[in-house]
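The same subunit A turns up in both complexes below, where it pairs with subunit B and then with subunit C.
So, the complex of A and B:
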């Protein structure tokens, strides 16, 4: 097994991110400098993003039995890198006031992105497991980053313990699959499934893997950690958790199900459909009573992943495209929302400003920031003219095409419930200011990288809502090389 | 080797069970060592002597001894034993135990119905083959695993740092760090 030049070109994004981790680490060892570390991180992530263009010239290509670089994985890698860039800019503003070591955050973020990229490209159980762990382990550190703050430490520990339990399920599932099919490649497992005969073990294995991945995606029976971790983790880290980890795991789930199809199996099909339906309804209902925006976003992300799962249940010609479109809109919107929360909470000063009362009358103090928040809330609710509508439209279309009527009903009912609490946040922005002590973004937020990024996101959400053709064309081209 | 496999697997399960239920940390750790040894035996029975040796050297030999020392130095006394005992009240564990028992029954039925308790066959896997595999097709995973360790190390160093001397005397864990004047 030799690595040729084209293999190395395909690996270039991974190599650049790895090199950036080392450079940032050596930089910290030489001298602690917050701005320098952040800049190096941004340069590395941008270089990796550009190198994806080089990767595109050699796709589809299989590098070792473990990784497959096709247009599909390049799309999700690009999305992960963009989300990581956004989180870096947010974190820079946020960590300015952090009275502890700040540079480790960037190393953790880069390692986590490396894991996410491996996960997106994996076509083998080993790559899946190492990628998932490489993505999750830094997240424990990131969630508990402000560890003197009790809620942050609690978030980190909760995520770590529950994540370890999920990993145990994942490994057990893989072991069962390997015992039955004798291979760890997705395609090989798919082939042995089609032969039939060992349905029970394969089903148990895939079922256990679904439990583990469902935990990472915070789907309904496995969602209990989500609001606590979202609330406790510092805002830029919550943004990272809500975007990069979700999109990487979901991209992997789709690849797993496309290359090792189990949709022929009625039991699993029904189970996933029930999980999707429960996620939509439970996520939205629990979000209704929240007064903390970060908790609210945690519950709403459960509902959004439920909508996305419709595509997986349908698994028809539109499924991969739906996942791409929905993921792009979801990532942009979630980044924008958490971006506003992070900007209002920046620079770090103990607990994040996530309570609804902090945003009361935001429009009268920071009109542009309130406008961004409004756009993001409308997009999350799926109102036309925003990107969220395009995503929801695709989710509905894919459900209708496959005749999954009760999932379609779930999306409609869930969206209706969702509208109430998204609008509640929005209305609060325009009310008169309350008596409570308030938190506010710094005066120059619009000139700083985090602020510029949030404004760009708002523009992107609006533009994609009105003129989504370029995005759809791009995602159409992101075909997956199965097998 | 079949009987060895089943016996050591049984020992592994029983000792792990005692790790969880034991109230004394040191005793629980000793059970954990037994459990690891039993798992090494399982590996050996399955024809992977290299993995078995690694299990004993790395886990039972190095990591567990370190654990035992740390626990002994921490000097957990009667109080924590009492606390553990309180945590293990029947009311707390009966629910999960029943659920786990149901899973066990399901597994047993599946065993009787689907799979069969066949003999153990296969080749013995030597260290050379493991090495060739690791640095052949799995090379990228070895490299990524090193990044995994790096990330875990960075996270652990950041969260677990001893900051006694650097913390202002009036701050405790329960109060968030106060920096900004407009913090509520």
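So, the complex of A and C:
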């Protein structure tokens, strides 16, 4: 097919990010300069974000058989870009004290975002695979970025090995689907599923894909890598992993299931419901006894994706909207939490300050930073006045609408368990300081871009919690063009 | 515009206190800011009391007869509005909240000496949340405030609480939070269920009280939804199998926290039942009434026995609240106008007497650094006027004629007798137990051999006036309950109408 101008306009965000990767690489080849690399990255990401507005003028549009740009993909691209921007900001503060090559990090990050954006827009198995690998491979490097540090290296290796296994599942699943339906387009697969026939192979294929994607989303029982990687990877990278990669994969999952509906199939439907329920409960239970905040967030992310999976199981009129709203609130909150951890651990000096004792009495030293953390914990727990509550409200609403009482009960029980550890983190911020040696953010953290960023996130979480209507209207408009 | 002011004043005042502390203002002005905020809320609500006419509206229509309304669009997607409304019932509760808010600020005047700005931020935000609960008439908004007030209460207990029996206050605070939040989520699920039932019938989303009240649901589903509401309220009230958080939270909260907890937080539950659980699910509530009353009876006796077994003074008072709330539960579910009126009086009277007792035990704690009754004794004559006030509040708590508590309990039992005579007969025995544990408290703390003869310092002017005021109000309520009854009559008739209409004429109206 011929590419017209409108196709190029639709592709503009991807092109801009690709160009930025090259510019940053050339910049590093010419002269190593940390601030310059970071600035170029930020400029590139912002330009891509602005170019999404141009993309909106031509949506919905299909570019080559691989990619579909509709309002839905634009929404998640924007979210991925914003999260990447936040992670860049955090990484800049964090890497200032890093005694090794710092600039390559930004290239990895940009590559990964590119992969995420491809993934979000893909309507074809090939694009799915390219996007997923383009997103994941740089993540290995990012997780192991502080490779002299054993835990970081371990995190990178672990993620790589298990990711490779998941990719194998994914490819096998695709092969089965292709063998049965003769097409790699989501819509084509959906059509052949509706025809029935050799049901079993299609089902096995979809099942394999669910395993692979479930691994990326760290759903129970594919969650075992999560806490180790979250803990080992440097905080800004954990933030990236927890937000960009999760949201891209979930957006894809929804698109896959909306265009190739399997919800009519009882077995798969039940399997996904069980995965959702198990994720809620197991994630929360395992988080209970953690003293390391990064591990705790790893487990809590398992639970949150379990809540979110309710929307997929329900697949009703609210489902896509729920995913959008929940993802926005979850991404904002997770970024804020990791942001605080990254700021307290910045500049880099060995293992991150993620133990709860590091945060004891933070309020009396850094009131705003502690206030941000409080807001984020309340939001993760889903307390009113924070964005997290709106997300939880949607998750419950979507479950109630479809009468999924078990999953609704799972959300309620999971939230009750979750409260315990979120509150434990939160109250520690206000207690009097213990005897332990403590790490602290640098004095001028507030002036640093990272500090401003987490404050903005906290304000966003509060504003969206009190007045979510604009966000809901925006997400309502982000409809998916199926087919 | 007076309703949003009533609601937002405490929030604004709280922020002012916090910022004043951050700006390095001395403690005393901060306390004054908090006090003036609360006085403003109280004055506003009293002004509404005096100027409004709450006796009208005996004609019960489909649209509730609000004195004042305030409505703003909020989340259009789900038809959620920022809808505040006031009738006699909410007015009484809001005025009570304002008054207890003033008391809470006053009684922490000397008790709290660390992080004063942050303390008052939390205290005032609790009050703000409670006022929100009493005014919100959109179910989403109601839930919003219902959950929101937990956070400052959590901080209040966790950060300014006392350790007791080797347990840290954080433990009690987390327990309180999890109990109430988890049950709150059940209510949210019920609200959503109700909304979606309405949505499936009409195709529009709304969380509006008066619309949802008309939503016809029946069968098992309405039982499930009703229980969702009931459990949320039962945890807060508390009803016996769900009361586990209460003694700990009370024992470890600072005095102001206990006053707020016993005085108004428990009342939000009773309010919720009167406003939402009964009118939204009249038929199932009617069918559920025998179980609810049985739970109320268990609460009366279990609370009394539990109170008797305590050695911590504040735990004793806390357990006695369980017993008193048992009467409230029976009153609510008997559903006659007389009993419902009694419930209102009982709630107000209990707020006064419990607040008085909690403040007194706080004052004893300030002087002796213990609340353990095994170490106390013989305080009569050593503390100026304090034991005298204690005696007055103890007899109020056991329901002596002349105090509001008597009127409340009498009206509840009298009103319920026509419906459930046997329940009333059994509940009356609970009154005897109330006398036992109350006098036991009096005996162990104030009489008996004194530990020493030295004077411990009587009440200063602030404390004296505070106690005098509470006592005066308690007596006023006892001798002239008509003040409250007039205001609440229309609202209670309406509750009664919804409740009774469901059985007598299920098809009409």
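In this text, the second predicted complex is superposed on the first by the 483 of 483 C-alpha atoms of A that agree within 3 Å, B and C clash if a C-alpha of one lies under 4 Å from a C-alpha of the other, contacts with A are read in each partner's own complex, and residues count from 1 in each chain.
The rule is short, and it goes like this: a contact is a pair of C-beta atoms (placed from the backbone, for glycine too) under 8 Å apart; a residue touches a chain by one contact, two chains touch by 3 or more.
Model, not experiment: these values are computed from the prediction.
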item	value
First, second, both or neither for A:410, with subunit B first and subunit C second	neither
Which superposed partner A:112 touches (first subunit B, second subunit C, both, neither)	first
Subunit B versus subunit C as contact partner of A:401, first or second or both or neither	second
First, second, both or neither for A:450, with subunit B first and subunit C second	neither
Most subunit A residues touched (candidates subunit B, subunit C)	B
Touched partner set for A:384, first subunit B, second subunit C, both or neither	second
Touched partner set for A:126, first subunit B, second subunit C, both or neither	first
Touching partner for A:148 - first (subunit B), second (subunit C), both, neither	first
Footprint overlap on subunit A, where subunit B in one structure and subunit C in the other make contact	none
Parts of subunit C lying in touch with subunit A, wherever the complex brings them together	22, 74-78, 143-145, 147-148, 150-151, 154-155, 158-159, 170, 173-174, 177-178, 181-182, 185-186, 188-189, 192-193, 196
Of subunit B, residues touching subunit A in the complex	110, 113-115, 136-141, 143-145, 147-148, 150-152, 154-159, 167, 171, 173-174, 176-180, 182-184
Touching residues (chain side subunit A, partner subunit B) in the complex	1, 11, 18, 21, 25, 63-67, 97, 99-101, 104, 107-108, 111-112, 114-115, 118, 126-127, 130-131, 133-134, 137-138, 140-142, 144-150, 153, 156, 198-201, 204, 347-351, 436-440
In the complex with subunit C, residue positions of subunit A that touch it	367, 378, 381, 383-385, 389, 393, 396-397, 400-401, 408, 411-413, 415-416, 419-420, 423-424, 427, 430-431, 467-469, 472-473, 476
